[in-house]
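Some structures to go through are shown next.
In what comes next, chain A is part of two complexes: it sits with chain B in the first one and with chain C in the second one.
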Partner chain A sequence: MTETIRPPSAPVELREAAAGVPGGAGRRARRLWGGALLVVVLASVAATGWTQGPLLRPEGLGLVGDFLAAAVAPSTDAAFLEILAAAAVTTVAYAALGTVLSLVLGLVGGVLSSEVWWLEGRHGAARRRGAVGWATVRGLLVLPRAIHEVIWGLVLLSILGLTPLVAVLAIGIPFGAVTAKVFAELLDETARRPFRAALAAGSPRTTALLYALMPAAWSDLLSYGFYRFECAIRSAAILGLIGAGGLGFQLALSLQTLNYREVWSVLYALILLSAATDLWSSAVRRRRAAGGRPGDRVIGGSLVAGAVLVVGSLWWVQLDLSVLTAADTWRQVLLIVEDAWPPGLGTTTVAELVQAALITVAMSVVAIVIAFAGASALAFPGSAAGARTPGRWLVVIVTRAVLVVLRALPPPVWALLFLFVMAPGLLPGALALGVYTLGVLGRLMTESVENLDRRPREAMEAQGVARPVVFCYAVVPAAAPRFVAFGLYRWEVTIRETVVVGVVGAGGLGLLLNEQLAAFAYAAALTTLAAIVVLTALVDVTSAGLRRSLR
Partner chain B sequence: MTAPDPVFGLCGVGLRFRDTLALDGCDLEIGAGERVAVIGPSGAGKSSLIALLNGTLAPTEGAVTALGCDLARARAGAARRVRRQIGTIHQHFDLVEELRVVHNVNAGRLGHWSFWRAAVSLLRPQGVHDVRGALERVGIPEKIEARTSTLSGGQKQRVAVARVLVQQPRAILADEPIASLDPRLGAEVIELLTGVSAELGTTLVTSLHDVSMALGRFERIVALRGGRIVFDRPPSAVSPGDVDDLYAAEPAS
Partner chain C sequence: MRRALFAIVLALVSVLVAACGGGAAEQPRELVISAIPDQDPQKLQRLYGALSERLTRTLGVPVRYVPLTDYAASVTSYRRGDLDMVFFGGLTGVQARQQVPGSVPLAQRDVDERFRSVFIATTASGLAPATDVAGLREVGGRSLTFGSESSTSGRLMPQYFLDQAGVGPNSFRGPSGFSGSHDATIALVTSGAYEVGALNATVWDQRVAGGGVDTTKVREIFRTPTYHDYHWLARPDIDEQLGAGTTDRIRGALLALDPADPADKNILDLFGAGSFIPTQPANYDQVEQVGRSLGLVQ
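Moving on, here comes the complex of A and B:
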């Protein structure tokens, strides 16, 4: 019974991704996986040709020129800036309220899906009952997690109509399910002995949880909440694109009217907002990782600021909860359920569904290949480890700035930009996702290069080995397994996001679902939704298998 | 010499973890107010025995009763009512490092508090008077507001003893309470435990690896080896030869 080490404050998902790192297991298994992977990648690349009509739209090039030219002259019209500011506040408010909802759901769901809550200190029949309860709750949480927030948004929009509540719920429900998983892991990693001791002294489970597990886990939950807020800002912006209001909505309006100067103002606002929350959230998490507690000035101040933000957001969006209890809402739910069950195909053919599913997979594969190649190339120049000369520092700063810009714009925005010059289809979607994921993956890989053990490298340099050789022998072998683990983890995320770029017209299951919902074909939409969930689960299993074979 | 109604009773108890047998065929009765030391080499089953007595583990064979209740088979509520009358001290203290000392001491009576009272106490500590009394008894009243993680090992074990004091149990169990402490601190903690037990008539069962400490301060010695009780007698009847046999290396097989 060894004491568990306190979990570091990095998002648990990332530690999970990094868990599949070193080792020397099954060469055969690895070769098999490698071969399968190669086939999938080649097939996906071949599939990028699947578009109706020409791939490039040369007439779009002029538009791109206009668009890029507008970058240096964003709209500074006072009236527009006022609208923009209000939209930005709305986006922040959605993100803040969605995050709070996800934390509440995550707290309850996390306790109820943790092993320690159900099994610790139970024997015999009570333990067997606990195991059933544990499995049930974990099963219930799979579905909300597998469905992307934009799909939640589309579905909730059909039920609730245009209300701010749609955005808050669409962020809060899936994020809550993810937070529950992460929090359950935090609780299960917390040292069990004090909990066991409290139970041995006759304390009820809830009280034992409060005294023995929460004090260690709750500050990690809060710091994770800041990370979630960072993600929620991007999600809130994307939800705007489907009509929920805020920056995304403004962006869609300006794009439709081809007012590129306004578009750039919105994009700059989005980049600023995204970078600011990035900085805030990573400052809090760094403090926490260094052992900071809520008494710490940065953490304490952030908590107070967070509370003020939440109260301000409530006031700003004037959340109307009465729709949740309104008879009309439930009548609408009932109507939709009646229409949707049993699931069917409607006017969609099986061939269309299969093709959309294949496009979705191919899009995610091409995207992750682009992202992986780009990020691996940028990770080394972007790493500040051993940067001493001003020239080297310049490279670091430029590389990182590029990565920040790439990940500041959410994938659907990139997709809209690529759709200027390309026919709708697999390639613009894959490019959009690839570029965005490159930004995210680049940051993860840069950090992992910086955290590499520098002793093997220094030992080789001390031996007088030339730098490029040191790089090949000491840096690449150490970094590669981590890179692959991160890449696979992001592939799981990318398949979910494929649906999102689909919604704006890039094709695949997302586009299909959007069309079906718009046509009120709920039975067909349910089938598509099921296909998305199954596909997501398949990718998760494959990625987990791949990571295991690397261990 | 045991009382007719024992505080703890083991009847044909076996405990198996997958393919290892931690305890095998153990019969034992411990009466009210007795002070018992459990000795034996590492892996003899001392910790398992203690964990059976407070219901942390359930026997895979036979039955364990504590204060007349079979903890492994009793309903959750009934088991909890019995468990809050048994205080346990652990080798690794098992305190919540992130909490202040006052809360860790109060943790001893969580079994008597409602959830809401316990929750409120985290914000505004309840029953501070008793907590201060217990901390005075163990000699560190000035640490009441300190964060537990800032304490030394000896101070943490004192907090654990204070936790048991506010619990006011009918029996105190201690699993290697001094293994993580230096000899002087260890002697002090044993002194505290036996003193409390003598004063309040509380039953005390301690597992110890320090045989001289066991022989000098306890009135009954239970020796375990390989999961079986080898002997059970007062210290005056334990010869140096018994101890040598108990700790002798396993014959190579």
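Moving on, here comes the complex of A and C:
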């Protein structure tokens, strides 16, 4: 990646997308990738078996109706709401601390996995060594990214025991690895001339980095932190399922007996938290896009509020870091390693493992296709850019509300609902992950539409070109590469998410892993995790290739 | 602005340091108990509140209840010694005993020594009630969902009886589902997502009696023979930690819960028990054997 020039105010997730801006690369490579992608998508759709038997089962609609009916009558039992309020604070606290940790890890990991850190200004043998270092760190970062927060939670639970630290680390570690990837790309895209000059002047790499590269990337990282915070709230909710407390724990309890009225109370709490962080982060983003001077009240106030939130969270969960250095902790690590090493197959055969991996890929592909199509369609009505009439604002608000609800309902809840009206298998699982991812992707895409350069569009409109034509020629081409980049980024996440929709009876690596964990067959579970890591790495390589071919 | 930020960072660091230091203080020793919720989790909080209070009074040791919802999480915490005593299911009890050798099964509910599972099916499936275990072979070729992966009554024993009838794990239409809970199993079979489901007979009876089951859509097709299920399991080091004879006193306290006493009756009712009765490791040999043959016990 060379010095791509980007407006300094572009939100940082957009930089994930930035690498996808088309350049003059070979048409042949593009055709090849396009063809391969089409084959994978078609094969995945075929694997759902949607042609065998009816798609919908109307008998189950009554049960979905029961669930929806409870939405207007959530439990308002005072004692329950009291528990819920405390749980919500716990969830926010886990999310805040997890986010801070992920930002710290992302900062360090981002530098250590950037090309500029390893390669810039180096030649010959030093450059080759640098390349090895770069590839190693980048490869290592796939590992924490590929493993779902819930699995992190279970592993950490057996090492650290019942402490709030488990939830914080389970969010912070995988999110840190994702942040590192984004931050590395950010650093690589930052103009390198000052860094090069500093190196040439003889300053050490660390100093050059701190003074010549970081200042430009620093504020983007903070902005990215807000986005991760919203993700962390959803994650903390899922983590509750393994007993970390918070809203997720209440959701698990209420869901177990299908007490829909209580389920809805929890969901409303999640929706509110999601919407609030969404509003907060877009306010900060908008200020930054508008120039974001250092003295800006919204940005400054947000920083203060964030710091207060972190301190408050530390106090609320009573984080005890002493377990990290306790002798017993290392004994537990050894115990786990002893149990899991060497990785084995258990009762599974290699053929079964491969089949499960294929099912997982198929499920993730169908899910991301659904999410991509839906999110692309909703991104334009959801964008507030140029919204002036009350009618247009209504559309914006409704679209955003839909997106918030889609992503606030955890995938296992979606899976159960789809299973009520569909035959068990890949399709309900893919739909559950698909609509959830649609919510997340829709938010990212809406923002990228809002941040599009408005000049080409305004120029065409000024010349009296019809609006649909303007849309096709000025808006879509500008938005498409970013959309594709976002879609590829979430595809990787979807692979990992397939772990939590075992209820749909589709098989796949997630089901296999749950089964192995239930049997405490750690050696076999390690093999399955390795398979998930390999899939994630493959997706990583594929997306990078796809994006390169689009450039 | 900058100064305010600096002050906040400073405060943050000092809280962190305080948090690290605070952890070093020795906690007073307490008895930590937990349970794998399998029915009516809303009652859990009340249930364990009442029980902890009662045990605290009898034992003179503070008793704390830790809520958990995940089977693997509670077995793991028990192994680590974070939990001293847990009300495990049959299978998880065996798994926990294997990971902590020398664990003592303290007591079981009267209902646990003759526990049963039921198989339910959609009326549309046309499956007729089976008269004996062999009759379960009709389930072969149908779609089926279990409850949670680690559930004794929602998965292990149903799978065992299916096996007895010659229906192996791969003889269903599609992979078997894991609904996650007994109530979810009822809902998924009612919806027709799966033709057959297996669950805890007690939960089924309660839901049918409470009118929560649409009997025009789903019905019971088989009730399994009895087996041993839930029991209290205690770590072998309780006496060492809390004084000699503590384990026996806990057992005594559980067995002494008297249905004639209103306060005790309240606790027993919340547990869905008439009384607690003694138990022994041999009661779970069958569960262990089945678990081993299904690969759930290593």
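Quick notes on this structure:
Here is the rule we go by: the second predicted complex is superposed on the first by the 357 of 551 C-alpha atoms of A that agree within 3 Å, B and C clash if a C-alpha of one lies under 4 Å from a C-alpha of the other, contacts with A are read in each partner's own complex, and residues count from 1 in each chain.
Just so it is clear, contacts are C-beta pairs under 8 Å (C-beta built on N, C-alpha and C of every residue); 3 or more make two chains touch, one makes a residue touch a chain.
Please read all numbers here as calculations on a predicted model, not as lab measurements.
Of the two partner chains placed by superposition, A:Thr399 touches none, neither chain B nor chain C. In the superposition on chain A, A:Ser322 contacts chain C only, with no contact to chain B.
Applying the stated contact rule after C-alpha superposition, one finds that A:Thr437 touches neither chain B nor chain C. By the touch criterion defined above, A:Ala197 lies against chain B but remains apart from chain C after alignment on the C-alpha atoms of chain A.
Look at A:Ser158: by the touch rule set out above, it reaches chain C but stays clear of chain B. Of the two partner chains placed around the shared chain by superposition, chain B is the only one that A:Gly124 touches, whereas chain C remains out of contact. Once the two structures are overlaid, the count of chain A residues touched is higher for C than for its counterpart among chain B and chain C. Applying the stated contact rule after C-alpha superposition, one finds that A:Tyr211 touches chain B and leaves chain C untouched.
Note for the complex: chain C touches chain A at residues 1, 4-5, 8-9, 11-12, 15-16, 19-20, 22-24, 37, 39-42, 44-45, 66-77, 79-80, 82-83, 95, 99, 143, 145, 149-150, 174-181, 183-184, 187-188, 190-194, 217, 295-298. Interface residues of chain B facing chain A in the complex, by the touch rule stated above, are 54-58, 72-73, 76, 80-88, 90, 92, 94-99, 103, 107-108, 110-113, 115, 118-119, 122, 163, 167.
Against chain B, the residues of chain A that register as touching in their complex are 3, 121, 123-124, 126, 193-194, 196-204, 206-208, 210-212, 215-216, 219, 293.
Those residues of chain A that touch chain C in the complex are listed here as 57, 59-60, 62-63, 83, 154, 157-158, 161-162, 240-243, 245, 249, 252-259, 262, 294-295, 300, 303-304, 307-308, 310-311, 314-315, 318-323, 332, 346-347, 412, 416, 419-425, 502-507, 511, 514-515, 517-521.
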